[in-house]
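When the chains are written out, they are named A, B, C and D in that same order, and each has its own residue count from 1.
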Amino acid sequence: MDVTLAREWMRAAAGAIAADADLLTRLDAAIGDGDHGVNLNRGFTAVVAALEKTPPETVADVLIKAGTTLMSRVGGASGPIYGSALRAAGKALPPAAEVQPADLVAALHAGLEAVRKLGGAAPGDKTMVDAYGPAADAFEQAVAGGADLAGAAGAAARAAAAGAEATVPLQARKGRASYLGERSIGHQDPGATSTALIFQALADVS
Amino acid sequence: MKKFINDPADVVAQSLAGLAAAHPELRVDTEEQYIVRADAPRAGKVGLVSGGGSGHEPLHGGFVGPGMLDAAVPGEVFTSPVPDQILAATKAVDGGAGVVHVVKNYTGDVMNFQLAAELAADEGISVETVLVDDDVAVEDSTWTAGRRGTGATLLVEKIAGARAEEGGKLAEVAAIGREVNAASGSFAYALTSGTTPAAGRPGFELPADEIEAGVGIHGEPGRRREKLRPAKELVRSALDAILDAKTFTGPVLLLVNGLGGTPLIELYLIYGEASAYLEERGVAIARQLVGNYVTSLDMAGMSLTLCQATDEMIRLWDAPVRTPGLRWGA
Amino acid sequence: MKKFINDPADVVAQSLAGLAAAHPELRVDTEEQYIVRADAPRAGKVGLVSGGGSGHEPLHGGFVGPGMLDAAVPGEVFTSPVPDQILAATKAVDGGAGVVHVVKNYTGDVMNFQLAAELAADEGISVETVLVDDDVAVEDSTWTAGRRGTGATLLVEKIAGARAEEGGKLAEVAAIGREVNAASGSFAYALTSGTTPAAGRPGFELPADEIEAGVGIHGEPGRRREKLRPAKELVRSALDAILDAKTFTGPVLLLVNGLGGTPLIELYLIYGEASAYLEERGVAIARQLVGNYVTSLDMAGMSLTLCQATDEMIRLWDAPVRTPGLRWGA
Amino acid sequence: MDVTLAREWMRAAAGAIAADADLLTRLDAAIGDGDHGVNLNRGFTAVVAALEKTPPETVADVLIKAGTTLMSRVGGASGPIYGSALRAAGKALPPAAEVQPADLVAALHAGLEAVRKLGGAAPGDKTMVDAYGPAADAFEQAVAGGADLAGAAGAAARAAAAGAEATVPLQARKGRASYLGERSIGHQDPGATSTALIFQALADVS
């Protein structure tokens, strides 16, 4: 992945979130407070603007700038979570204009670790961890099996989508949806859904 | 969606601009998006900062002023503010004696305030956080994000605000705030959902004869759906839930709070039922407040909050306060 | 209909009982159905009594207290009180210096207060009536019952109340009240109709993109139906209507009033637009108030009121007031 | 008309208003504030109770007591108006247990005069005057033509009903409906409608 591709990824993610903002908001209205799509759309629009204003020169800096922007523009639960994920991922990368799939494996895991440290969610708690975890694992396995970026990103995207869908029958234990208790069952987690969109964006540009 | 707005994206910023124009006794930073007392920072005074998503007005911006908050940090509607914003407000009120953050227990609020507190610490400001989690509708277990912060937020802000105003130290202001929170319990009913400007439709739709029991203040559905019942019964159920969850022997502070779309005529009727039932249960009322204070946009609904009040709390509750949303003795 | 009530027939009585319990500083006669200051009658002080149908809370009951009304007389929802009730309140506040009735210009209110004033005269009490008719949406012609009393009622009650509190004589208190009314104009928009407990359904039904322009405070349809427009445009149209009907050069008192179901976040946005437009039109704002004060149950709507203020009016506006619904300086 | 019939009239009026309270309220919601049915129902229920508690001994006293009760229980515009109408009518009657149709002619006109004095409404202003006026005239003419009470009351009831219906095309000039201006056109006046019910009640019991 080179710095151009990294920026394209963020642009594609922003596009996907804008396109599905309404879906994300509707999912959040069902078991949360109905702002997830609006939140992320505001944040990723700002990310695209920030990356255009002063284009970073390393992949790491693209991710760090994206994360910092999300953190200072999104608010809510998803702002700090996506923000620290991207910042941690960026910080785990070598400071280079181009990074290798193996570097990205480490970065993805560092991001996941940051999410779990900040939010304390375990797999099965019906959060974005349920899409992010399987995606990071699938990416790692694909790379270990010799896949190139496109192949690994495709595997991650499929795993994230499956993970997001698999949140439907779960009862939420973190975030706003947990207030609903059993009534959270039967709905797909909005954060896991947006995570799947972001991995799909990576697959699309790779 | 029918609202008096121009563009859903600009509601919070334009409303803040209006607040600034209407209240020259406050200072509003429309850039960083926070509201402070015009005389902030006051040297030697502990600063009290609260915030959260917008849509709960007068909470929090309406509670900025002598005797209550030094600053409020409004996020977008129902969305926690961001760390930069909270940091800016924290710096604006820091008079060298430290700053107390009053944070309602929502994942987003907790994270964003925590990040801001870390950034403030980096700049040498001591921050103590008072977490408000009074909503007994939510089980306080590892299976949830914990109880939500609702009506008791007003009590914490008023009482801790009075303590800060009279010169309380950082630890003391935080301590009384935590004490108020620990002594409080709330329960809410919604008749209708509110509509956020961004979503443009109600958070949930209810049949004509059903209500949501155990709702929070973000248009989220409650713990369960119930049939509409007479006010007397709803008040008793809500008070039973609070009295079961925590011990109240009185004297209590009783807050009858409208969620935004409930007329005062109903809130006073509710107060009548609540005070009668508390008397029946042997719980004396020391002080009371009735009105739309901690709202959820235009939601038709109400919450009841009880706080087992010490003499000290009552003294601080009675202390003068001069804010757009709460004012007495000044 | 979803409301926090027990029985539509008992709403007013039970709400009054709750008000009595919540405000021990007031005295409520639940039999005759009126609310008075606990210290009434005060010898030598002109008594100020207002009233009208219920459903406009905090008007009028929430404005009883030092510096404002001596008594309020609530009728059934949207129904003028009866003469006996008004007479009882008038007698309760008569301290020998006479009583001023503040009456909103509705046929029913006018007739019932007039009958009460005649009965009071029979008992030797001098009554002066201040008629409030500020709503410029209604043409003031022999073809109508005249302009309605709406938002300016609060201004009249506050300013005349302050004049009475400081010892003004009967004629003086009535004169300043009339002066405030003559100097005031209001205009209101409704996004939805309110629902009376007795009728159980909204007074009118509006399509999702339509609003009523020129409504009063009784759920009656307005002068015309319009398409929903941005707040900025509605504010300008409302102010244009007021500025066209009467002359305002400033300084003015500006009241941005919610009709019950409008969140504060919108009212402040409206205030921002209104103050900007008045500046554009060269009208200075001397004092302002934003909130739900003269309501129409749960109607989503807002009214703007301008009052061309003299120095004397501003002095009386600033005077201390201590009521459940309006309080400062005390 | 004897005192028993007078009381039956009030009871029948109360019954008719209770039965049609919803209609009256709906008519009032269209061009007023939606309380006319509730108002009159509350008032006439009180009238029936008051007449039962201490039954008056003259027709005049029945009407005066009914009027006083309405005035002190109804509120709104209709309370004082119906109240003074009935009180004025009662005061115009001889103090006897039985009165003649000619006495009633004078009483009806005295009531109408009180309404017009208190409310200032002229015929055609779209108020109860538009039902009451024609009813009083029809009653008078029938009596002049030799009709008995039943005949005169029937004529009055028909005239009141026609008068109420004739308010539909009018633009209101008095009361709340006048605020609507032209929008009051096309709706039947609630007060004229209740007046028609009260005259129909008289016809029913005569």
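Definition applied: a residue touches a chain if its C-beta (ideal position, glycine included) is under 8 Å from a C-beta of that chain, and two chains touch if they have at least 3 such contacts.
Computed from a predicted model, the values in this text were never measured in an experiment.
Between subunit B and subunit D, the least number of touch steps comes to 2.
In this assembly, D is the chain whose CA centroid lies farthest from the centroid of subunit A. With centres defined as mean CA coordinates, subunit D is found 74 Å away from subunit A. Inter-chain centre distance (subunit C to subunit D, centres taken as mean C-alpha positions): 32 Å. In terms of their C-alpha centroids, the spacing between subunit A and subunit C amounts to 54 Å. The set of subunit D residues touching two or more other chains is empty. Across the assembly, subunit B contributes residues 77 that each touch 2 or more other chains. Viewed as a contact network, the protein chains form an open path, each link joining two chains that touch.
Contact residues of subunit B toward subunit C in the complex are 1-7, 11-12, 14-22, 54-55, 57-58, 62, 77, 189, 191-192, 194, 206, 208-209, 211, 228, 230-232, 234, 256, 260-273, 275-276, 288, 290, 292, 295, 297-298, 300, 302, 324, 327-330. Residue ranges of subunit B in contact with subunit A, taken from their complex: 53, 75-84, 106-108, 111-112, 115, 137-139, 142-145, 148, 196, 198-199, 201, 203-204, 216, 218-221, 223-224. On the subunit A side of its complex with subunit B, the touching residues are 25, 29-35, 38-39, 42, 71-81, 118-119, 171, 173-176, 178-181, 183.
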